[in-house]
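Accompanying notes for the structure given below.
As written, the chains take the letters A, B, C and D, and residue 1 is the first residue of each chain.
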Amino acid sequence: MKLGFIGLGQMGSSMATNLVTAGHDVTVFNRSAEKLAPLVKLGAKPAATVAEACADREAVITMLADDRAVRDIALGTGGIASVLNPRATHISMSTVSVELARDLTEAHARAGQKFLSAPVFGRPEMAAARKLFIVAAGDPDVIRACQPAFDAMGQKTFEIGTEPAAANLTKIAGNFMIAATIETLGEAFALVGKGGVDPSAFLHVMTSTLFPAPIYRTYGTLIAERKFSPAGFAAPLGHKDVRLLLAAGESLRVPMPLGSLLNDRFVRLLAQGGEQLDWSAIGRLAAEDAGLTRE
Amino acid sequence: MKLGFIGLGQMGSSMATNLVTAGHDVTVFNRSAEKLAPLVKLGAKPAATVAEACADREAVITMLADDRAVRDIALGTGGIASVLNPRATHISMSTVSVELARDLTEAHARAGQKFLSAPVFGRPEMAAARKLFIVAAGDPDVIRACQPAFDAMGQKTFEIGTEPAAANLTKIAGNFMIAATIETLGEAFALVGKGGVDPSAFLHVMTSTLFPAPIYRTYGTLIAERKFSPAGFAAPLGHKDVRLLLAAGESLRVPMPLGSLLNDRFVRLLAQGGEQLDWSAIGRLAAEDAGLTRE
Amino acid sequence: MKLGFIGLGQMGSSMATNLVTAGHDVTVFNRSAEKLAPLVKLGAKPAATVAEACADREAVITMLADDRAVRDIALGTGGIASVLNPRATHISMSTVSVELARDLTEAHARAGQKFLSAPVFGRPEMAAARKLFIVAAGDPDVIRACQPAFDAMGQKTFEIGTEPAAANLTKIAGNFMIAATIETLGEAFALVGKGGVDPSAFLHVMTSTLFPAPIYRTYGTLIAERKFSPAGFAAPLGHKDVRLLLAAGESLRVPMPLGSLLNDRFVRLLAQGGEQLDWSAIGRLAAEDAGLTRE
Amino acid sequence: MKLGFIGLGQMGSSMATNLVTAGHDVTVFNRSAEKLAPLVKLGAKPAATVAEACADREAVITMLADDRAVRDIALGTGGIASVLNPRATHISMSTVSVELARDLTEAHARAGQKFLSAPVFGRPEMAAARKLFIVAAGDPDVIRACQPAFDAMGQKTFEIGTEPAAANLTKIAGNFMIAATIETLGEAFALVGKGGVDPSAFLHVMTSTLFPAPIYRTYGTLIAERKFSPAGFAAPLGHKDVRLLLAAGESLRVPMPLGSLLNDRFVRLLAQGGEQLDWSAIGRLAAEDAGLTRE
């Protein structure tokens, strides 16, 4: 496919690389241009502006940090909605708000363009290994047309609805489930640990029996061994996702007491100097409360 | 092995059946004697008293409803500690408090008997299928000696420590993790459901990607389809386990905010008439709070 | 003083009335012009635009519903910051965010104007009776110059800092304390009520002993008697204030678990049809959870 | 009146002193006999046993630390229920559980004795100054007969029901309201403090306006100035009262999310070394979470 790719962070670089490697014709754009070089070396075309990244493309993918960045790149002056060809598709793969997904749906429709939300589940190493899970929502024909791009980036694509925002809501709720798992492990480890049971041994029992899911092994090990840096997914990003959750809960009017607990945990982690830590560091707060550690 | 088995409820009956079927010599006892018949038919010997159930046994297993029942049967007048042979073993497989495990450890030691805590993970159908996970703690030699009995009841035995109470703490923390999963799914479903995403479709994405664990499939389906009766594990038992958790947290001084949230959920479920429902029915409360249902 | 007054809602109308009655020269403006008539009858001058309301004024007061309204009226095209005389003062008396207070401080400074935040404590009947408590922050000389206006509207003015946002933070934290009182009463009433003690009798004991504050009497009576309509302060406004609290908590990085609980309560009340009720209706949710009522 | 008084702790000593001073004929008993001397000096008769403290008395008052102590003294071998004259009254003034109040009601009825619950509100200095608030429940005639004793100890007696347990529930719910006030102040102070507003100045505004209650002044000052020792009411006692609350909530099936939050706060305070501090020290935890202090 003729693709544009905007946003070459840790995730985006790997995804764009996989697209190029799979034989797609990819134009790449990034705010700080130094990220372009490795991709250009592999065969991508560099773009100096959003307009160049969109010119002549069947679809342009955005993989950016947050609502503000996507809103700016897509809906700002000279943004995607104002330069993309009619009938071409904007695929938003970032984790952004339901509200923004709705605004993008409307703006691209007005401009005669197509729009998909297709956020992903997976940490950077999964992006590199082409193992992402992609959750896509929007017009089924458009999803089908973009499938070759998805296949180059992920191991599987799930269609979750015809309204693009459905994919964002799914992604937000999925990240909530991960954060809830971190909190659960943190409290369980604090209890058994203070009671004389080694958290790693406890984790082994749990992941060998009822919870044989990689998420439990991955985060359980990080928390049990207190390996919170370097961050695979930094605490401020985790906090951002919990805020997207609570914002969705407020606009849909769904109270989420566990979501609120997670938000309090992240605010506290950041207040106490956790900016650089992995988001799983909220899993150490229960142990701190139990007097097991004081840093 | 020459075994006694006390407590023929839904779980205990299946476990005792599997012991008999595996060729062990089993004497069975139950408060209400009508539960004995099916086991006697299979070859078990009926006991009319705790003393008869303990006479001449290498080990006697208890699988009872709660602390009160175990305390009574084991430590009361004519209880196991007063009638079991010296050097024989009491294996407590019920979900009971850390405090009771300590009292049993001490009482049996004083009587020259051995004691293991060996609670299990698994719902009734897993007990019937000999698929329980057994978490054992106590003297390693004693665990080894009892392994034939464990092998007849479960698919795997985990040793978690030399102090029996360690197994109870592990079981309590494990059940907390299941209850936390139920709450997590309940809140996530309420959010996506009110936002127009089918909870079952959302569950499919989650269990196909990050959460490929039977617990998520089992409870997710129950919650998504609101199948809370008949109860596989009744709400009052779930509440009992959360109270064991908070009691352990209080005595060890480990604050558990998510545990507290779960306790509030169970108290509410029971206050609103949920006595007969499966414990996963706390997973519907988030939807009620969101105005999605009012029964 | 030569005053402009913008925003003639339930509170604003009473406050403007008291200014006119006290002899001040007041120009009034409101989005929907029909609110002007009663004030014009008393001697106020009607303004057709924000510019007219600001022309020639020493100070212009805003008393509007929320951040959006104040931001629009003060910082939008043709807004106060663009039309008010240099050295004249904008007094923002609405309950708005700390962030907006900072933006207003900066914008008015750039325009050579003065700015005070002076939110109030008091329900509509207190506004009518000139019994408001005013919490003012900003340049002490400017507060002193505006004191005659404050004296016409309130029973007492508190200076809380030289940074205008300090007054907004105080107001937000004060409203949190009221909402926390409502929740506290709601839970206490549910407990004693289900235990056979009449909530009104319990309230009498509490307000006669440890809690002899009007807030407890007022809200305690509303909750005990379930008189949630007509609303003195509607639930969506209460929710707005809790969101201002959590927003301040997030930007200052102060986790507020009780604030989060209150937010969940308001989201639930609104999800279940409480739009028209007084905000004290969150005080009935504990009783509902206890199975005492189902409406 | 001819009175027995059992339990000469900080509160009990002052209360017994006031009874003697008011001219009552008082026999005193305490586990550790050295507490008797000051009262004997004032004219009280020392008792060496519970039986002596009850002999020939119209009423015997207990003011003890917790359920265990009251249960032992009243219902144990040689306890009040077994030695008090028929038709004499046991007045339980300790803060104990609803369940124990029911057991006492039943036991004394069986023995042909009378029973009142009459817990008090007030810190030690109020007890010394005869300023306690007494909340009494039980047979109105019995309350009337004991009024002279109450008048010697408190400034006012409230009758809250004919079932003694009603007074205990009222006391427990009242202490919950105080603890909730402490948490509310703690969170509010953390927020305004981190935002640059002096907590003492904020407290002054609040107690001068909406919250003119001594509780707010007393605890607000303790928290703002971090004066948590010496303890007027020690953290373990505060925790005990929150556990009585949650026990009542569980047995009555009333979920109390704010009560649960308070329990988590106390468990944490005690886990982190707060045994000796005043219970208001839970009010500093919000500030710690905000990164304002680390001790």
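General observations
Rule of thumb we're sticking to: contacts are C-beta pairs under 8 Å (C-beta built on N, C-alpha and C of every residue); 3 or more make two chains touch, one makes a residue touch a chain.
Just so it is clear, the model here is predicted, and its values are computed rather than measured.
The greatest centre-to-centre distance from chain B, using averaged C-alpha positions, is reached by C.
The mean-CA centres of chain A and chain C are about 39 angstrom from one another, to the nearest whole unit. A separation of 38 Å divides the Cα centre of chain A from that of chain B.
For this pair, chain B with chain C, the centres built from the Cα atoms lie 53 Å apart. Within chain B, the positions touching two or more other chains are listed as 249, 253-257, 261, 264, 267-268, 271, 289-291.
If each chain is drawn as a node and touching chains are joined, the picture has every node linked to every other. Partner chain D is touched in their complex by these residues of chain C: 98, 121, 133, 135, 156, 158, 160-161, 163, 165-166, 169-170, 172-174, 176-178, 180-181, 183-185, 187-188, 190-192, 194-197, 201-202, 204-206, 208-216, 245, 248-249, 252-259, 261, 286, 289-291. Residues 257, 264, 267-268, 271-273, 289-291, 294 of chain C are the ones touching chain B in the complex. Chain D makes touch with chain B in their complex at residues 243, 249-250, 253-257, 260-261, 263-265, 267-268, 270-271.
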